[in-house]
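Here's the structure, in structure tokens; my notes come after.
Chain nomenclature is as follows: A, B and C, assigned in order of appearance, with residue numbering initiated at 1 for each chain independently.
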Amino acid sequence: MLLTPEVIAILILDTIFLLFACFAFYISIPIALKWDINSTSAFQYGLEKKAILVATIIKYIFVLKLPLFLFFIFTSDKISGVITGAMCAAGVVNSVDFGLSLFIFKILNLYIFGFWLFLHTEDMKDEKLKFTKLKFTIFIVAFLLLITEIFYEISFFTSLDVDKIVSCCGTLFSAASTSTISFIFDISNPVIVTAFYITFALYLITFFLKKESLFLASNILFFIVSVLSLILFFGTYIYELPTHHCPFCFLQKDYYYVGYALYITLFIGTFIGISGSILSILKPEFSQNYYRTSLIFNILYTLIVSVYPVVFYIRNGVWL
Amino acid sequence: MESKINHFMIGFAISSILRRGVKSFFTLFIFTSLIFLLSSILFISNSIKAELGFTLKSLPEITIQKLQAGRHTNIGINRIDKLLEFHGVVSAIPRTWGYYYFEKAGVNFSVVGIDSFDKQYKNSFESFVEDVDFDELSKNSSMIVGVGVKKALNDNYYKDYFNFVKPDGELQKVTIASTFKSSTSLESNDIILMPRDMVLDIFGMNENEATDIVLSVANPEEIPTIIEKIRNLYPDTRVITQNDLRVSYQNIFDYKSGMFLALFIISAFTFFMIVYDKASGLSSEEKKEIGILKAIGWKIDDILKEKFYEAFIISFLAFLSAIILALFFVYTLEAPLIKDIFIGYSRLKPTFDLPFVFDFQTVFLLFFLTIPLYLAAIIIPSWRVASMDADEVMR
Amino acid sequence: MIECKNLTKIFNKNKNDEHTALKNINLEFKAGEIIVLKGASGSGKSTLLALIAALSKPNDGEVIVNNKRISKMPDNFTSLFRRENIGFIFQKYNLIPTLSVKDNMILPLIPSNPDEKVLETAIDKLLEKFSMESKKNILVKQLSGGEQQRVAISRALINNPKIIIADEPTANLDGKLSLDFIKIIEQLKNASTTIVIATHDPLFFDLDFVDKIVELKNGEVIDVINS
């Protein structure tokens, strides 16, 4: 157990989220089950008001979760100074077995809660409140994911051990590692680079086809391939070290915090692409602007990430 | 989602806050107090951490003490030659020092013996041993004291000398040659420097004894091996590394700040309840006001938005004033009361200055520890108000 | 324009003090009409106005305005509906006394974040209409009753409502001011604004510009006079 003020802040917020989420969940069940917009019963009017409370609570949680995610990485980075062997957040997160799961849940929840708010905004535009039932059904699932994340996070901080020696990111993200993700290092550089640019090309094609389901799929694919290629290939050019594959170190000052720029553009680009596509499948008259926003951010991501190897090549005349 | 800032709404929020003057002021006051308490704790702990960081750097890499019957006793200087033979040991210096309890002020001084011939073990002393004429010191039996010591002596009317009581009850008069202040006040504040012979005399120690021996090594990686060898050669010694000191400092420190944070959590909870209660208990006037707003076209969401604007304005004011107050309290007033509790052993040590440390990490941390709490406290009451039926206004 | 079908409102339903305030009301008002709801205190006039403005929900029946079933709209949408379509004049003015005349007038528009210039012209026009230009920045609590009434009317008109609802507008006014108010109403009469006034003030009962007088008693319509 490591009670630094940063950890306490996260734990306090987790507690608040937990309480509010449980409360919202309790209210959501009748909404998900008994919502009937045509009913004129006092019960239905009550549900309509309660739905607004739940939406407010979710907004509150999401608005705090976004910066808190960065704060979490930052805190883990800071703790890495205390934990033997850890050089950055990666080592700290991986010092417990479920570190990777915690991380995946965190990202997944950001997408889901963000999408929920997106859906909510659309829902509130029409007095028929067509998506309310769907919204609350999604929330019930999102609630379970959130609870899992919070429990992971609490046990993460309570089981952090200053005396335990952990692996640093250098060994975690290497072919020699035995961690759950090491298998990806079997992919060779040319393969992953080609895969990345092909995925990007596919993404561009679906952009011009303007078919939601294809755009949705290409965004998801683009996200996955981007993260993989960042770890396997592009990261090494940011560090200018062929063996350093850590997806966290470039969040630090030494690399001008470029990691934040990368993750934020990738998140916005794919998030808007994914949520926008799903929304326009649900609601055909949904504005098509999301195509462009998604495109801008994904191109921005691709540009930033491509600059590193190109500049390296120009300066040194060789590839890493 | 409206992205444009609605300054009409902000204006209305401000006038609502002013309209409920006493209530708003009360909330502002307790929220400011909460943030103030927390930021003072964080500022002090950051400062002490920084101070400890400096101190640790100047501490010896390895300290060897002799134990007898489980207690620390003086160590023979003759061991030095053997120690210097170990591979990797760069220097081995005997230190002669001890605590002198000054009863009238109720504080402990650290009396440290210096030797012009020995290589000094602390950088901070080194620089200053150069400026001071060492021979002069021993000739006039005088000493150099830290600012904290100087103050404690002054307060008890010892202006230019001090009488040490030797173990045999005799007095030893030592004049104060000068005062010094090193970069880190935590370590040097309570220090008295004087020639080694005089320290031996005051503490009644033997010529060929020292309090402990400090080693410096060429390569920190070799420290474990060296320790192992020392333990084998001298089983009656205790070997302390810089890292051991760091951990024990850290432990005491975390324990203290843990206590404070527990206190904070209790205050935060109290604060939450008070704000929740204040936000729930609406006067009939406020209820009517909400009714009017809803009747003339404000949505539940608009009223919630307005409530959040109010909360933001109050939080922002509280945040800003609390941080300014805390900076003033900690760095200008030197954090009376809280600092003493924090340092714990301050009763036994003369006071010291807190170095100024301020970073944005702490501001973010303060933000996450306080503002969400306030917002959380008003969500449900605000929703309750906002979703009231508006037909009340018709009656 | 405004249609009430089988409207029933029961307060404290299924409780000891259950009270049926409106019973099976059927009414229809056309655009541009001025309607007076008359009836003794407690006959259900205010309750009916609240239902027409969707401030509360009926227990049965529906209110349809401009082909929209407003009695079934969710809360947020009824507010939006009122913001865009209804101007309210309450019996007790319902101004915020510690705000200035201008700040009271803009209250209905604040949520829609209006353009400063457009708003300013609208305010000045209304103040001029009611000869209140000099009072623009004066706190409402410093105004006389008649002036407060005029601020309340200005506020009701700021959003160019299609429907104006007035509940006992002259109850707190003396004879002369009541006549002034009636003049203002007459000026407001035009082809597109519907005005519904609930009152038991006899001054309203034989005005030639009133199109319809509806009489309520114990929550039921007992008489409708078209003039």
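The criterion applied here is as follows: contacts are C-beta pairs under 8 Å (C-beta built on N, C-alpha and C of every residue); 3 or more make two chains touch, one makes a residue touch a chain.
Computed from a predicted model, the values in this text were never measured in an experiment.
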item	value
Leader among chain pairs (count of C-beta contacts)	B-C
Chain at the geometric heart of the assembly (C-alpha centres)	A
Gap in Å, rounded to a whole number, between the CA centres of chain B and chain A	37
Separation of chain B from chain C, taking each centre as the mean of its C-alpha atoms, in whole Å	65
Inter-chain centre distance, chain A versus chain C - centres from mean C-alpha coordinates, in Å	51
Multi-chain contact sites of chain A, meaning residues that touch two or more partners	49, 52, 124
Chain B residues counted as touching two or more neighbouring chains	300-301, 387
Two or more partner chains touched - positions in chain C	75-76
List of chain A residues in touch with chain C within their complex	37-38, 40, 42, 45, 48-49, 52, 124, 127, 129
In the complex with chain A, residue positions of chain B that touch it	1, 42, 45, 254, 257-258, 261, 265, 268, 300-301, 304, 361, 364-365, 368-369, 372-373, 375-376, 379-380, 383, 386-387
Parts of chain A lying in touch with chain B, wherever the complex brings them together	3-6, 8-10, 12-13, 16, 20, 49, 52-53, 56-57, 60, 64, 67-68, 71, 74, 78, 121, 124
Residues of chain C touching chain A in the complex	13, 57-60, 71-77
Touch list for chain B against partner chain C, complex	2, 4, 6, 8-9, 11-12, 15, 19, 288-289, 291-302, 305, 387, 389-391, 393-395
